[in-house]
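Quick one: the structure is below, questions incoming.
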């Protein structure tokens, strides 16, 4: 039981996808200018990433591994993810205009979020079983959302700061991300009990 | 053999996903785009066409389809900023110089009442009838200057709206204070 | 002409605030100096010079008024906190690197005084311990009595860095021993048998912590800090360490040990209270302090670094804007609504 | 009476500097050489001038007529000649001009006919009307027309009426002296308000650094036989802010979004009560007020001053020291340096402070905010000034509103305590006025949009009409042509060749067929278009049309135009345009 | 076919004006993750160039057969297939490097640059142009990765060309700073990567500002746009 | 896109499925071709990678059998702190047992587990030790990795070479600081302690199980 907890907490904090595993940076940088959008992106990514880890586990274990077709992983995973994203997008657009308003513009961006493909691949590298994979996926997604939202909070504040002119915008955001990663290094070693 | 198996499995997936997607794309089709409305809400509704589109709405549509956000002079740098915020794009300098807010004034003695300017005004801010003197309702004039060219006797001019006690704004404090600080430090 | 109201101003200034923070650090510094010798004063001087130099250069580059900002005292506070958290015999270049990084990257890239989201001193500490873990974990062994000259030689790199210089801190020693012991070591035995431990915590370190406590209380009395952060910090640290200590006193040290070890006191009163990078709403401050206390314990006991204060504070720094946003106090007349 | 006092959070204690100006009794300021009376002296509509250059006026004669419900009349402060109705620089931080009536006193100071009123016999509506006509406005600083505050809420019973004699700003003592010397009239004025609002309790709050005033008021209350409670409140700036005083005396907190009557409280300044009494019992409109003249002067003192008196003339009475370099109107916390020393005293002028660098040392340069939170602790409205500052500075106005910038009463406590010496209030004013301007722009844009859409719709409809007409004409013509062609075909071919020399043999049939088909097409198109336009028009008709429901402003603008046109004899005095039609 | 000028603009855009890493701020994950030395960065960029060039051709030639609704899945399919081929090639021939670059080879698929270029360019332009575009975008990525890798390696360990032995086993990294250089480890860790990239972007902004200053009549090139989007 | 015809839902489904199908066939075919083409090379390099590791702990000159074929699957072995089954390789020369090559884990590193590959000769001597995986602090505890060790001439990890239970007593099999003979870097003693303890335990385990291990597979 505690083993599962470690996987979950580890994925959120110790091995945070963005700050430690360095995945999903483009949306992290791109959609963090405002808290509001960060919430939306976080929610959308959490949904898709969790779905993607589940789906790719099933594909890997029912279609690929039994036939020794591991080399098709990337291909089949990413196509599945793209389809999930597009389906979600269409369903949301039709069924919930409010959800569409908040999540609509982020969904298409998720296809090109490295984390969404990276986490399923890491799952396989780590040899996780289905539950572990889901937990790792959800944890990573939550970790992504968490740092995205915190980052957006800081960026909204630094927006008003008297940052040296050439550093305004993305450059200072990078520095902020660096200092965040530095802070997250404090969690290092917490997973040694895993 | 392996190849055939691989292809078969992938093809199976392709057919399933393709069918799902195709089905959904028809079943869940939606019209309209809330983004355009949001963009339009930011544009100043001057309807002047300086952006190269016939009015603000067409420009909003164009922006939604990827046009630059810096083409609306009446919106000013600030409008660009707000569009950039909305769309997550980078702020760009305005594609023209920013003008102070103006309104049109008709020289009542020269006006011959040709009604050409009435037709040009996109917001019906000009009142008057054929062969009679025209006047511009100041509150309604957006300062778009569209009435200037059609006037045959050039009796319309633009005037900058003066600052008065009612529309006066407190100024941004930093400027002088920074200057003072610098002076002091120097 | 256009002088804005109010025309009367209270007689306060940023430099007054910062100077008082420095004054409040003096009891702790005195205890520290009597424990490890004058080296710490040398380090304070090095850090101060490095901070002022870095500040001056940055102000010049960014074309900001030099005199006004050099005298505001904030760089000195940063420098002193860096000197107090680094090992007292750390080589000079380590302190200088840390300080310059703090001032240039953590402070001035964000626009300087008042605008940095991260605590500059803790950035310096974190950067240094991550980059130079070996040097950052060499603390003079207990009973190592070196004179000023010898200490200077070590700091300036003119004397070799002997093994004797590099003991672990009480906190680290405790953690290492407990982690490796397979249960054979026990806290009480450790405290009783090893001479680096005093009555409650590290030998002599109790007094340094007490000095910081004294200074911190004075700051509170002067209304430069509020009670929220220190109290929440100490309460959460005590609660967590106390719970685990009661659960297994032979494997977990007492709350007193944790309060008086490492940077806990300094952190509670001087570091987590940094107004610039911390929370500002009363509830936010409570959350900030409590979070910093919890994370400090978790990192120092279970994590990979000997003390958690720096990382805990940085982690709370990065949460601070959001915490502030979510804990806005209700304004006048809106209390029943919130 | 023993009362449980409440506390408000925050507040500051600047040195009060009040003793200087209470030593001498109120003096009547002499007639100045010229009076410049701004027409716009209260919140609300700008009064319309009812005099012209050359008119003779008597003291108290109406010169500006209230415009709309929230507006207050303006009167001639003395008898004399109107020399000008023109734009003059205002005692306003902008330093801009506004319309003023300039009066040259004739020295006689001759009143118009003053009619004391028995307000007990009048309906409340009439009393309010009379107060408006007498130009009674709040003299506590906000100059809100008092009649507008004298209607109780229909749903909430009026519990307490708070009378503001706190006078919390340093230096100012005019209310103090008023209460000391004219307590009885103040109390009687309060009586009028009480009778109009019918509160359960009347609480008179006076800061505890004015014991003489409190004593005088107590005596007057007893003398008049009222049951008003005179309560000394702790001296803490801004205890005189209406919301703070209400909080201290009643424990109620009035949020920014609500009026105090919604909570069953109302607040008036003591001087307001005094002028109300004068207006009712003596028939005297507001033509003068008490002004504290203090600061860098030899003889700080309170004067009863005619509205319109140039400030430099008033200041001279108190003999300013030679190093005086400006005049602050109002107190040192909320006042402002007047843009020109000749600007007139207005109803809002409670104090003039001669400014010099000794009393008010120049501020050290602004440093960045260190988020120390001192301002938040000092803010009586429990705001987060540094957040509001941070976002005002970055011009992120949406955020400032999230931090409730519009709850700020601009009291200046935050600026007072700030160790970085940031002119916080200044940033807030800047942000507020930008937000207001934006609001105006937004409204204008919305209006422009509806007008534009309406115009487009109209044009489309016209086009459709035209097309329909054209199509009809074309169809008719085609029919005619077809008939002709048929006729032509009927006649022998050579004749047809003669009739249409250009056409070749088989041409007639073709020519007749082509237009027929075209016309048919055009007619069909036109009907479709017309139908579509109708449908659209119907759809649109559900939405409000901009030409109806015009605001009074627009109507006025239109009618102004109309009037001018009539004046220019360019049109008959009858509506000539569609817009005009609708507005008439 | 393709004119010299066209090549020039495409190259200019790819290498500087629309540089993926420091202007478009795309493809950050490999940019930051693999650049612990220059060689890693260069090799991953080469892999990316191959994928981009090939996918450019493939998509530009097939663009007319791909229906709009499923263009993204199809694009991704093509890119993923090409990436897997490259992955297999690395695995077969540069096994050690393959282990170092690890997950980032398959992740070329989601590298926003690839899809962004495919969407923004290849789907609208003829094959030859698209190939050039892919190559030059890749070159832009290559030099930034190489520079960032070199800086990190130099600061972090005082060497250059670390990891060269994985490509050319006969070569060895060069120790530039003295052996006693303690190594500023931060540079090799994620925080250092972020901060140094921030500095590179600021440097680019500075260059642009200086260039704009120099010839004011020329309009400034677009400033960094954040995000794939 | 050009004005697409309106399709019914099922029609559209069929259409997209067909198009996707075609693309998938083409590109999966391509991919599979590439796979088949590179497969031998990939397998070779995987084997080479394994051999490279083994080569580091045991010189090839010492044995002559096909090492990678002479394997045994070790079940989870608590003595070596192995939680999962691993492979053990047996080196023989002329059919005579030469050495065992196997994995072991030091559980108590500073930042978690340290994975080792260890070769122990039939004589009980340690032939070589290498670290395959660890999370020790960069710059402090990572000198146990040959690559990160600044002492290139004689990396720290090589000092186990040649040690055996016969020569070195348990007491000596410790850090110098703890009274043993093993060197360490100042300021980082946790890591070397963990490694040396693990090597000692591995040697003891090999001593105890050697005969069984060499015999087991040979019978089959």
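Here the chain labels run A, B, C, D, E and F in written order, and each chain numbers its own residues starting at 1.
The rule is short, and it goes like this: a residue touches a chain if its C-beta (ideal position, glycine included) is under 8 Å from a C-beta of that chain, and two chains touch if they have at least 3 such contacts.
Quick caveat, the model's predicted, so the values are computed rather than measured.
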Task: Innermost chain, taking as reference the mean of every protein Cα atom displayed - done: A
TODO: With contacts defined as at the top, give the pair, B-D or C-E, that has more of them.
DONE: B-D
Open item on the list: Using C-alpha centres only, name the chain that sits farthest from chain D.
Closed with: F
Open item on the list: I'd like the Å distance between the centres of chain A and chain E, where a centre is the mean of that chain's Cα atoms.
Closed with: 21
Task: Distance from the mean Cα position of chain E to that of chain D, given in whole angstrom - done: 60
Open item on the list: Averaging over Cα atoms per chain, report the distance between chain C and chain D in Å.
Closed with: 54
Task: chain A and chain F: spacing of chain centres that average the CA atoms, whole Å - done: 31
TODO: Could you tell me which residues belong to chain A and also touch two or more other chains?
DONE: 30-31, 33, 71-72, 75, 79, 83, 86, 156-157, 162, 164, 167, 169, 172, 175, 179, 182, 185, 188-189, 192
Open item on the list: Where in chain E do residues touch two or more of the other chains?
Closed with: 69-70, 73, 77, 81, 84, 88, 182-183, 185-186, 189, 191, 195, 223-224, 226-227, 229
Task: Overlap residues in chain F, where contacts from two or more other chains coincide - done: 12, 15-16, 19-20, 23-24, 27-28, 31, 35, 110-111, 138-139
Task: Sites on chain A touched by chain E in the complex - done: 19-20, 22-31, 33, 71-75, 78-79, 82-83, 86, 108-109, 111-114, 116-118, 121-122, 125, 164-175, 177-179, 181-182, 185
TODO: Please give the residue numbers of chain E that touch chain C in the complex, ascending.
DONE: 182-186, 189, 191, 195
Open item on the list: For the complex, give me every residue of chain A touching chain F.
Closed with: 71-72, 75, 79, 188-189, 191-192, 194
- [ ] Please give the residue numbers of chain F that touch chain B in the complex, ascending.
- [x] 7-10, 12-21, 23-25, 28-29, 31-33, 35-36
Task: chain B to chain E touching residues, read off their complex - done: 17-18, 21-22, 25, 88-90, 92-93
